[in-house]
Every structure is written in C-alpha cells, then in structure tokens.
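Residue numbering begins at 1 within each chain, and the chains themselves are lettered A, B, C and D in the order written.
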Amino acid sequence: MAVRVRVQAEPFDYGAECAGFGAGGRGVGAVVTFLGIVRDDSGQLARMEIEHYPGMTEKAIAAIAEEAHVRWSLAELLVIHRYGPLAPGEAIMMVATAARHRVAAFEAAEFLMDYLKSRAPFWKKEIGADGATWVAATEEDEEALTRW
Amino acid sequence: MAVRVRVQAEPFDYGAECAGFGAGGRGVGAVVTFLGIVRDDSGQLARMEIEHYPGMTEKAIAAIAEEAHVRWSLAELLVIHRYGPLAPGEAIMMVATAARHRVAAFEAAEFLMDYLKSRAPFWKKEIGADGATWVAATEEDEEALTRW
Amino acid sequence: MIDVLYFAWVRERIGLPRERVDTSAATVADLVAELRSREDRYAAAFADLRSLRVALDQQLADFSAPLAGVREVAFFPPMTGG
Amino acid sequence: MIDVLYFAWVRERIGLPRERVDTSAATVADLVAELRSREDRYAAAFADLRSLRVALDQQLADFSAPLAGVREVAFFPPMTGG
C-alpha cells in the first residue's frame, strides 16, 4: 500500500489519484504531487509515442521508488507512467509523495522525477507534420542526478 | 484565471482542485501540487486553530503569488489557505503551479510554500489534552527564504 | 488617532483584538514605548521586540518606521502559515 | 545463445526489436564488435557508443561488463522518461 507503481497504456485520473492521497496517517503533514503532460511547443505535434522495456521498466521504477521511500521516510508513494501513443495535452505520468514535512515531500518528488527522467527505460518519439523525431536526452537531465 | 487565491474557513477538495489544473494550455508540460495537512505528532492533538489578519492575508498572498507567476512564467497558479478550527488530518492549505518544465513548476511551488510559511499573516494554535500552545516559527523557516 | 491591532499571543496577553489609540508617536518604536508604559499586560506583550513583527497599513515594516499617514498598525508574533 | 533486444532508434536502424545471437563474446564491447561486423545497419546503429546505453538482464551496465551468465542484453539510446 505504501509504495505503488503502475506502468500502463491506459489514461489515469490525476484528480482521483490526488484525492485522499496520504490521508489516514496522523504523521503526514505534506503531500506533493507532480503531473507530466505532453507539451506541444511547435504547435505541429500530432502525437507522442512512448516506447518502453517491459520487465525492466517496472524493476527500474520499483528500485527508484524504494530508494525514495527509505531515504525520505515517506508514508505513501505513487508512480504512474504511461506508454504508447499520447495526444498533446494528455497526461504522461505522475508521482505523489506523502511525508511528515514539506521539504521531504518536495525532495522525494524531485528525486523521483530526476531519476525517472534518465534511469527508467522510456523513449519518447514526437510525430508531427514534418515526420517523426526521437526526443534526445539532455545534459541537464544527466546533471540533475548529481544533486542526489 | 491564471492566478487564483482563496482564503477561507470552509474545507476544499484537493482532488477536485487538482483535476484539470493546468489543462488547456498546449505549452504546459508540468504541474506541481502541494497539500498541507494538520499533523498530530503527539497523538494528543484535539484541534488546530488558525488565526489570520483579514485584509492583509489576501494582499500578502496575492503579492507572493504574483512574484512566482512572473518569475517562473507560470501558465496557472492556485493558492488556497484555510483559517479557523481544523481537526487532525484535515487539509490546511494547498498550492498548485503549471509551467513549461518540471524545474520551474517545482521551484515556484517551493517558493510559494517558503513565503507563505513566514510572510503570510497566519498563526497556528494547537489545542491538546494539556492545553493550548502557539506554534513557534523556526529559524529554518526564516532561513528557507534566503534560497530565493 | 490610529487603529492598533493585535494577533495571536499578543492579542491574548493584551486581552483585546484592536483598539483606537490617540498618539503623536513619530515611529513604531515610540508607539511601543507609549503602550508599554500603560499597563503590565502591555509591558508583558511588548517585553521582547525580537519576537514581534509589525505591519503598517497591512504591509510588513520595521520598528523604526515612521507613523506619519499610517491608519492601521498591527503587532503579532512571527507568522506560521503554510 | 543470448537474447539481444533493441529499443527506440537502435531498433529502427537495425530493423528488428530482438533476436537470439550465438556468441562467445566475453564482454558487451566484444558483442558490439561482432554485431558491427555483420552488416551496415548494425555498424550504423553502433557507430557511436557514447550515444548508447546497455542493460544486462534488465540492469544498466557498462560496455566493459562481462557477459558470462547473462541471458538478455538490451541496447538503447539514453532514456527520456518522466
């Protein structure tokens, strides 16, 4: 119950996942939730396709989640990440953390995001009017890990 | 619409506020939401009472929100803060930010929290079995502001 | 005449949330000195200025700030929002 | 025999998602050298190892890692989750 990880093609309901998250524990003072959305910078994006590595994906996310759970003494932790075709404006993924204090809840959520970005086996392809392009990893994403 | 601030005695629905937050803008890639909950560390807390300064509260939060809105180019920003009596486990307040990238959404939410903590005129009183105590501000809360 | 407001334990020590004060104090510090000399409960509330904050017309200010033109002064402990 | 998996543009360049490879390569780097020498599409996919990552039995690894006991090797570009 405390740590939940879901890798799925189906949409998820961010509002419903946020409702009641972290509730029930009297020691929970802070909940942080993050939602990643398909952005269309050019106005030309038809869709995004997310490829992943079934089997490794679940293991990699579970390991990252377990590290955050222990390191920030989280009361509850949720990661949902989708794969397959996604339209602009659709939800790609979310994380949620519940902790005693706000600093722990924020740090754990940012840690999860930084690691999911560069260490979970997902690859994004943007399909637009001019064809398809694989989204490149950035040096900033790799550098973000040095913070932890 | 882009910046909304609510100061109220009534409960709010975190899940409902999160649902659809940041939607509609094609340039929004990241939403961060924070929920503050009445924590009962001792197991003795009967209730928390939040006093505020009507008039100044709204002005102070609006100024903090406007600074975050401009500094992180937020597409949408919401602050809700309650006052009056609250039971353990009840929601005290929330912030939500929508931005192009995750770093901006996280930083803006943390900035809002740090400033609301020390610069918005709220005072918390804990009523327990042994009587009532005003929650003291901490040096860490003041130091958190130096980050910005 | 100036409106003076008290919040949290300042309000509890003084025993009222607001009052109108007839004063010619030039600064917040002068006003505090006047209030302190009134009664023990004021002296107790204003014993340690480092544990107090002040707002002038709903804006945070320093104790050295002038009162000219100010209609509302509020005294309270450090804030604990969020 | 070892299962070799390809993802994202590595999969597209090589033209298949997975294959079984009969190899006695001692390390990942040795296996890459074997694959490169097969055909142009492999040479193209493995042209620049700095732009590739490798996982052994679903754990990230280095190109110098030994293959002894490994059942599944995966090659892919740097990940872009989140």
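To be clear about the criterion, contacts are C-beta pairs under 8 Å (C-beta built on N, C-alpha and C of every residue); 3 or more make two chains touch, one makes a residue touch a chain.
Here the structure is a predicted model, which means the values were calculated and not measured.
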Checklist line | Chains touching both chain B and chain C | finding: none
Note to self: Between chain A and chain D, what distance separates the C-alpha centroids? Give it in angstrom.
What the structure shows: 26
Margin query: Nearest whole angstrom, what separates the Cα centre of chain A from the Cα centre of chain B?
Written below: 23
Margin query: Can you work out the whole-Å distance between the CA centroids of chain A and chain C?
Written below: 48
Next item on the list: Any chance you could list the residues of chain B touching two or more other chains?
Entry: 36, 102, 113
Checklist line | Contacts with 2+ other chains: residues of chain D | finding: 82
Notebook entry, point to check: What are the touching chain pairs in this one?
Noted result: A-B, A-D, B-C
Notebook entry, point to check: Can you list the residues on chain A that touch chain B in the complex?
Noted result: 13-16, 18-24, 26-41, 43, 88-89, 100, 102, 105-106, 109-110, 113
Check: Inside the complex, what are the residues of chain C that reach chain B?
Finding: 5, 7-9, 55, 58-60, 74, 76-82
Notebook entry, point to check: So in the complex, which bits of chain A are touching chain D?
Noted result: 36, 51, 53, 55-56, 59-60, 81, 92-93, 113, 116-125, 134-137, 141-142
